[in-house]
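Lettered A, B, C and D in written order, each chain numbered from 1.
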Amino acid sequence: MDVGFIGLGHMGQAMARTLLKAGHRVTVYNRTHSKEAALAADGANIAARPSDVCHGDALITMLSDDAAVEDMVLGSGHILAALDPNTVHISMSTISVALSERLAEAHEKADKVYVAAPVLGRPEAAASGQLFILAAGPSPAIAFCQPLLEAMGQKTFVLDERQPVANLAKLAGNFLIASMLESLGETMALVRKSGMDPHRFVDIITNSLFAAPAYKTYGTIIADEKYDPPGFTMSLALKDMRLVLAAADATAVPMPVASVLRDHLLAGVAQGEGHTDWSRLAQLSARRAGLTPH
Amino acid sequence: MDVGFIGLGHMGQAMARTLLKAGHRVTVYNRTHSKEAALAADGANIAARPSDVCHGDALITMLSDDAAVEDMVLGSGHILAALDPNTVHISMSTISVALSERLAEAHEKADKVYVAAPVLGRPEAAASGQLFILAAGPSPAIAFCQPLLEAMGQKTFVLDERQPVANLAKLAGNFLIASMLESLGETMALVRKSGMDPHRFVDIITNSLFAAPAYKTYGTIIADEKYDPPGFTMSLALKDMRLVLAAADATAVPMPVASVLRDHLLAGVAQGEGHTDWSRLAQLSARRAGLTPH
Amino acid sequence: MDVGFIGLGHMGQAMARTLLKAGHRVTVYNRTHSKEAALAADGANIAARPSDVCHGDALITMLSDDAAVEDMVLGSGHILAALDPNTVHISMSTISVALSERLAEAHEKADKVYVAAPVLGRPEAAASGQLFILAAGPSPAIAFCQPLLEAMGQKTFVLDERQPVANLAKLAGNFLIASMLESLGETMALVRKSGMDPHRFVDIITNSLFAAPAYKTYGTIIADEKYDPPGFTMSLALKDMRLVLAAADATAVPMPVASVLRDHLLAGVAQGEGHTDWSRLAQLSARRAGLTPH
Amino acid sequence: MDVGFIGLGHMGQAMARTLLKAGHRVTVYNRTHSKEAALAADGANIAARPSDVCHGDALITMLSDDAAVEDMVLGSGHILAALDPNTVHISMSTISVALSERLAEAHEKADKVYVAAPVLGRPEAAASGQLFILAAGPSPAIAFCQPLLEAMGQKTFVLDERQPVANLAKLAGNFLIASMLESLGETMALVRKSGMDPHRFVDIITNSLFAAPAYKTYGTIIADEKYDPPGFTMSLALKDMRLVLAAADATAVPMPVASVLRDHLLAGVAQGEGHTDWSRLAQLSARRAGLTPH
């Protein structure tokens, strides 16, 4: 298929590359043009302006936050205006439920096609096309884009006709991971200070009740205290917890653990560690307990 | 093997029965004698006094809390005194790290053999011999008792020579489950108030990052709002969170999520729901969010 | 002095009336015109449009939230454009630090005079001219408006040339009161369930370490369980905790107690009690503890 | 009056001295005898054994914690047995509600007279006889001891015939102070990072809503960042929060702010600051926010 791709951060680059590998024709645009060269070497076309990528089968946007998406789609990027009515806009960024609602309204009013398809997975998963994709929007549009989603993900979950539902599910998923990191972190501090081997503990739980990828990946990172390189930073996690709490506030749902997470991530950022991996929540637990890193 | 078994609560009954099924000779004792009859029908012998079950290959104790274990072993039950030096005492109750330390000292001083082997799993798992067993103590004693542990569990993790390590691991495991329940509960309240189908959400997470038994079992319970019959009560969970916080206090480890759990479980108990399943933590989240049960 | 007054909620009405009593000429404007009649009976002039009150010695705005202030000053109310360069705009609303920063920039750019002067105190204090006023902005402008501030408050604290400092101080003050309410509420639930007389307890603390107006007023309300009529609602308190947390987020300051307050107030709102007094935080504590109101 | 005094810590020494100044005959006992010399210089008699101070008008015990009190009164100190039936035992230590209940029962069973009279106030207040005393027990006994209480305190609050009520009130009072410290600490971190003068902020709140001794004393300490010398340590505050939470647990009262305090104090202790003043809760807030001490 013919696809435009805007946003070449860690995740975006990897995702665009899997599209190329799967044989799709990809035209990329990135605000900072330096990032486009690597993709061009892999066969991507480079666009000079956002409006140049709005006329294929689909346009994928994968940007860092609400402000970037809003500016690109509704503001200075003029995507909404430039979008061909036959081009499906697949918004894969992690954004607020409220912005997704505004995007849904704006696309509908302009007779443009909007699919929300945020993803679960770290950059490694993006590079190998092993993401989980949470899709919502008009069924025919999702069906039409399926070859693209299949190239990027190991599995696509179709959720709802209403696009914001996918964004909520993504945020809820990130909250569950973050709360797992916090609980693991608190536990591992206790385990270490009690003189028990943290690797043995991870071994036990991931071979009994918590035999899940998330526990295995992060349990090992925390037991090893090998948090680098960052796959998803504390700053981004803080941004997502803000979005979770905003969605919870809008629907009047108290989420005490989300508040704890927000406070801890904010402490991490305040202490200069915003650029490190969010699994360092465990290191913050260790530090509060007076433990020093190995 | 020849084994004594003290404590016929939900878990204990089921465990004793799996021993009988596996062909072991089991003599049971329970303070309330009414519970012994059902086991006798399955082939168990009944003992009149605790001291009568202290002379086989092993003695298993599976009691409700620290007070019960302390009284049985060191107090009015006189187990420690009555125990044959060749009979391995396998303590499978969920008890505090501090009591396990005292038991270790007392057994050593009296030249008796003490193995700590608390379990992870609900009564259904106990009934089908599918528990996970966390064992710590003298290696030869654990090896000797292996046929018994194999009858009761699907897997035995041998942790350490020091018995209290197993008790800590068990408490840490329960903390991880409880914090998962809390996080799921907060998330599902958000999901429901946002108009997303909670079953669909559980479906997604348990088929992506959290493909683990604990998430599947409890995610379904919470989405269905079918919390009965209780497998593990809020009161018992509160007891365990107290023990987690006590171990954390003794080693100076702040555990904010454990504190949140303690407060919520205490609220459940205060509101008359201590006898219900701990997965009702999710119902407490729903209620705080103004949702009413279906 | 000649003063315009926009915003006739509970607080605004009472404040405008103290200005009239002190002999100032007051012209009022309120979006809902029904509220103006009572003030007219006390001698106020009524303006048809916001722009009609922008030409005296000062213009006071006392609106409910950021959205209302932003719309009135920078949006559909056109206050900034209509404001006479010699008319001091005194913004007494409780607004975010971020909006106050935007207002400061906008006024400066337009060569208009902006003083931030939010207040501490309940409607009764407003009615009797006993508010505490936290003022920040250009010193000459504050000095010029002193007769107005004196009419409304028992004391004016001049804080800084930078207006947002006053808004921050106001929010911080409200946080301190809210956290006192939460702590008192938790304590009083404990006191009641322990069989101690709550009035006696309030009597003791307010005659020893906490001999302060806030503890006396609210301690009595909570001991009496007489929360009505509301002086400041849970919904408004929730709004303010959001603003506190937003200011804390912007400066990277974790505030765990503010998070607890936000969660509890959100629960109050979710349970249909947003319109009741924020001292009902104590009732939420009592309810969590299984107590029923007298 | 003729009074025995056991326990010469910071508080006890100061209290015994005010009794001497008021003309009472005081006989002191302390486990570590080195502390008795200073009191002897001021006119106190020194006792060799605890039982030697059990025969005057009253015996005051002022010990560090539950374990010390239990051992002194019911254990190796043999106070209960040695106490003359006409000697009133005034227990001024901060102890658990549960221990006070056991002491009440034990004294009653032995026909001995027990008054609980814990105090509010720092060592400076103890030195100048300016403590607040919370007394509970048999009315005639409290009346009889009034001259002693008057020498040590500026005010005696008589609460109840049931002694544990006084211990609960004392713990509740300490919780209120600790939660004030936490709220002030969080606020001051926000104030400092927002560029507002912390002294000015303390000045405002203590001259408006919070014109109370506790806010003045601690607000100034926190604004000055002059936490030394410690008047009441983090370790002791942690002990008291444990007792508050234990009383709350026993009566099923969730106290989320008490949990936050426990976690923060535990972090302070874990990080090696248990011996410093509990007002350093504010420094922990500052540190979490990335601020460094001046």
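As a working rule, contacts are C-beta pairs under 8 Å (C-beta built on N, C-alpha and C of every residue); 3 or more make two chains touch, one makes a residue touch a chain.
Just so you know, these numbers come straight off a predicted model, no measurement behind them.
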Requested in this report: For the copies chain C and chain D, give the interface type as same if over half of its residue numbers appear on both sides, and as different if under half do.
Outcome: same
Report summary line: Check: interface with higher C-beta contact count, A-C vs B-C, is A-C
Query raised in the report: Of all the other chains, whose mean CA position lies farthest from chain B?
Result: C
Requested in this report: Please report how many Å separate the Cα centroid of chain C from that of chain D, as a whole number.
Outcome: 37
Query - Chain centre separation (chain A, chain C; CA means) in Å - result: 39
Report summary line: Expressed in whole Å, how far the mean CA point of chain B lies from that of chain C is 52
Requested in this report: Enumerate the residues of chain A that touch no fewer than two other chains.
Outcome: 248, 252-256, 260, 264, 267, 270, 288-290
Requested in this report: Provide the residue numbers of chain B that touch chain D in the complex, in ascending order.
Outcome: 242, 248-249, 252-256, 259-260, 262-264, 266-267, 269-270
Query raised in the report: Once bound in the complex, which stretches of chain C touch chain D?
Result: 97, 120, 132, 134, 155, 157, 159-160, 162, 165, 168-169, 172-173, 175-177, 179-180, 182-184, 186-187, 189-191, 193-196, 200-201, 203-205, 207-215, 244, 247-248, 251-258, 260, 264, 285, 288-290
Report task. Spell out the part of chain D that touches chain A in their complex, as residue ranges. Result -> 256, 267, 270-272, 288-290
